[in-house]
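I've put the structures underneath this note.
Two complexes follow with subunit A in common, the first pairing it with subunit B and the second with subunit C.
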Partner chain A sequence: MSNTRFAIIALLVGAVLAVACQFIQNDYFFNAAYTVLLYAILSTAWNILGGYTGYVNFGTAAFFAIGVYSSIVLYKAFHLPLGLLIMAGTVIAGVAGIGLGYLTLRLRGHFFAIATLALAVMLFTFVTNWDYAGGARGAYVLVPREVPFGFPRYIRYLFTVMVGLTVLAIIVARMIERSRLGQGLAAIRDDELAAECAGVPTLRLKLIATALSGGMMGLAGTTFPFFISFVEPVGAFDLRYAVNAIAMPVIGGMTTWLGPLLGAVLLGTVQQLVQVTISSAWNLLIVGVLLVGFVTLAPEGIMGWVLAWRARRSKPT
Partner chain B sequence: MEITFPLVANAVIAGLLLGGFYAAVSVGVAISFGMLDVVNIAHPAFIILGAYIAFTLNAWLGIDPIVCAVAVSPLFFLLGAGLYRIYHAAFESRGRGALPGLAFFFGILFITEVVLILIFGVDYRMVKTSYSELSLHAGSIDFAFRLIVPFVVSVIMVVALHLYLKHTFFGRAVLAVAQDPLALRLMGVNPVRVREVAFALSIATAGIAGAFLIVIQPVQPSIGREYIGLVFAVCVLGGLGSVYGTLVGALILGLAETFTATFFGPSWSPAVSFGLLLLALAFKPTGLFGR
Partner chain C sequence: MANEQHTAQADMPTPGERSPDARGGASLRVEGVSAGYGAVQVLQHVSLEVTDGRTVALLGTNGNGKSTLMKCIMGMVTPSSGRISATIDGVEHDLVGLPTERIVDLGIALVPEGRRLFPRLTVEENLLLGAYRPAARSAIARNLDFCFEAFPRLHERRTQLAGSMSGGEQQMVALARALMTVPRILLIDEPSVGLAPIFVSRTIDKIAELKERYRLTVLMAEQNFNQAIRIADSGHVIVHGHLEFHGRTRAELSDNDMVRKLYLGA
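== the complex of A and B ==
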């Protein structure tokens, strides 16, 4: 299927979903669905670097928080509309990705992973000490009184925006997967040295992937202040974003765009249910156990099972 | 702020004492990451686990936490051996490289943290020892015993590890497995077995370092993450895989942190270790003593 056709279908599916959901009466549904979509974007973003390229990023929360805090600061300073805030946060997080990548991507892969952890703690310390953005006490963001486009509640509007952003993220991820860039990234994942020898410009491709992945994580964060309306650093840099962004692609399957989406919808929904019915500590434990279980026992994820099953069926017996 | 001699001298002393403790925290990673190439980012989680075990035994039996930790270190050794077996079976033996292993250890870190939260809650826990409140005074300079005792035991542990690795057959086998596992196999030594014991040793040091931690400061399940940057910064600064280099790196980091806390405020000190790590990775990834 060509990129254009896929994009049109994805947009149509997104639009139908968004419209159909407006008939749901319960506003809590939109809270839960917003969170699941947030995870879908984060894990799709993580997978561009983690799944396609084979570089593990533990700093999802850092890039996410860049998006969150760029929105807070720009909204406080200039009262920019949501559309511009989304673009600004994406660009800033993407540039941060290039910066971090430039410093550490020339080293072996696990140094990059450790550096992403370092980035999260450094940014956390910086934000905690930054009074304009609320500092350690946190910042309130007042949701605009008039909801655009005649939505009855602001959360319904945010949810619809989030559906659009998720569709966008998925289209970008699939485009990368099928492009020369994606082939280069896959070559790096399989054998970086061989790729370099074969003339693949590994550093440049890795930088592009880091920028796209980081920018997309920032994108996921830009609408978050309006969703939560009170942001403090501990919440914005919560390790659960980093863990989920890794666990969801690992569980879904890391080689295609469908894997992270599948993982996010499954694991995100389970977490929403467990959080309501049991407790949030237990739901984090479930994520951790599933992550370790899948990465040791089923590294191909759910998509791996599906592909193996399809291969068995199509084989003439 | 006015810079006075007692202020600087106290910062130097506190920094060096803290650095000794950081050496105990990092020496396990110098072995697992530096020598075995196992990127165990869950190392700090085992330190926190050690801290909580020392806390529980201390509250239950009233024994000094450091004595408790040394007594339970064989359990940590077994835990490490078991963990390495899983890691080896799932990743190394299938040639899956270090990167999926990173996700594995990240999950272990997370599970340990959440389990500790479920058992102990998110309150800060601390222990009281006979020397917690005592300190030596030399003029206007203070030496707090809650820092001196962990410092002394840490340095003993690090020096002992160094001597063990340099001068025993097994220790040399560990150094050899880092350089050339095939040659080791030709000598009739099983490299997997050597790596297993070395990794187990590294986890045992984490258990002991946990007791130092809870003597020095109150502990809460999620503070382990702050030590991830620290341990890797120390190891990279010290040159990977060198035990004495780790000690030097740890002292540098201890000094850098106390100076930052003294002159800029404690809220900035978490950024120091990670900042130094990023700088080291960007400009001198082979460490201060690396070739």
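== the complex of A and C ==
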């Protein structure tokens, strides 16, 4: 399927989904669905670097928080409309991705992972001490009284925006997968030295991957202040973003765009259900158990399972 | 996709004939190179030259710096001092400080130690990745034909996963993949490592054949002395990061006392 065709189909599916959901009466559904979509974007973003390129990033929360705080600051300073805030946050997080890449991409394997963790800690300290952005106390973001486009509630509007952003993220991820860039990234993942010998410009491709991945994580964060309306550093840098962004692609499967989406929808939904029925304290525990289960029993994730099953079926026995 | 390739093919070089008349030769010069990892000094003031169309062997046992020298030439390790340059068609290029992909672009390719194939890709996909650089990409179909002509066996096995092949066949894929970058200077790091004796001599023969066919300039690191000097025009013996001996001819190498001591235990 060509990129254009896939994009059209994805946009259509997104539009149908967004419209169909408007018929749901319960507003809480939109809260839950927003969170699931947030994770879908985060895990799609993480997978560009973690799945396609093989570089594990523990700093998801840092890029996410860059998106969150860029929206807070720019909204407070200039009252920019949501569309511009989304673009600004994405670009800033993308630039941060390039910066992180320049400093750390010469490191391989574990060392890169540790460096990304350090980035999150550094930014956390910075934001905690930044008074204009609310510092340790946190910042309130007042949701505009007028809901755009005649949506009855602001959360319904945010949810619809999030559906659009998720579709966008998935289209980008799939385009990368099928491109020469994706081919080069896969070569880096399989054997970086061999990729270098083959003339793959490894550093440049890795920088592109961190920029895209980081920018997309920022994108996920840009609408968050309007969703939660009160942001403080501990919440914005929460461990669950980094953990979920890794767990969801691992559970779904890391080699295709569908894997992170599947993982996010499944794991995200389970977490939302557990949060309502039992307690949110269980969420990370569930992630942990599922992660251990999948890594030991199905290391290729759900998609790997499906692909293996299809290969078995197509082979005449 | 096939159409695009065919239109761009006409004026692109292939491994065999980068228009032989216009060729001014390709040579490699390493001058006083020292390099290491952190505090560990691996190469000490190494100088050598590979002139156009020659095969130079870099002889030495494990851990003496052969691979490090190869990596220095390819820009994967930055020397702490010294100069590395390649003269290709009369133009001299300083290699130190260039990123690896630029060095590959100039026409220098490395067949890494241990082959380093992409095991989960097919033979053909491995070769296609060798043509990642733009110059090689446009002549991809023709270069692929050339590689399959040089390695008929790989043509038979082109849909097989590279990781499922025997060591000897994998070495052929590694050589073919390097050829896909349309090199003028070919660096080969330990082609015999991990191969059964029969495959060692076949691989060495193949290197000699490729060199003739594609008029390559070859620098080959090897521990298997007897096999290496079968095809080398000259050679250097490297011991603890020093070039201890330079044999200008095959005879000089095999008659040398130090070589005898190092390799034959006499």
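In the analysis below, the second predicted complex is superposed on the first by the 317 of 317 C-alpha atoms of A that agree within 3 Å, B and C clash if a C-alpha of one lies under 4 Å from a C-alpha of the other, contacts with A are read in each partner's own complex, and residues count from 1 in each chain.
The criterion applied here is as follows: a residue touches a chain if its C-beta (ideal position, glycine included) is under 8 Å from a C-beta of that chain, and two chains touch if they have at least 3 such contacts.
All figures in this text were calculated on a predicted structure; none of them were measured in a lab.
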After superposition on the shared chain, which partner residues are touched by A:A115: those of subunit B (first), subunit C (second), both, or neither?
first
Which superposed partner A:V270 touches (first subunit B, second subunit C, both, neither)
neither
Contacts for A:L258 in the overlay, against subunit B (first) and subunit C (second): which applies, first, second, both or neither?
neither
First (subunit B), second (subunit C), both or neither touched by A:A10:
neither
Determine, under the contact definition given at the top, whether A:T125 touches first (subunit B), second (subunit C), both, or neither.
first
Residue contacts with subunit A in the superposition, subunit B compared against subunit C
B
Looking at A:A18, would you say it contacts subunit B, subunit C, both, or neither? Reply first, second, both or neither.
neither
Subunit B versus subunit C as contact partner of A:L284, first or second or both or neither
first
If we count contacts the way the header does, which residues on subunit A are in touch with subunit B in the complex?
54-56, 58, 103-104, 107, 109-111, 113-115, 117-119, 121-122, 124-126, 128-129, 136, 239, 243, 246-247, 250, 281-282, 284-285, 287-289, 291-292, 295-297, 299
Over in the complex, which subunit A residues touch subunit C? Could you list them?
180, 183-184, 187, 190-191, 193-204
What residues on subunit B touch subunit A, complex-wise?
39, 41, 86, 90-91, 96, 98-100, 102-104, 106-108, 110-111, 114-115, 117-118, 222, 225-226, 228-229, 232-233, 267-268, 270-271, 274-275, 277-278, 281-282, 285
Residues of subunit C defined as touching subunit A within the complex
74, 76, 99-101, 104-105, 109-112, 116-121, 129-130, 132-133, 136, 177-178, 180-181
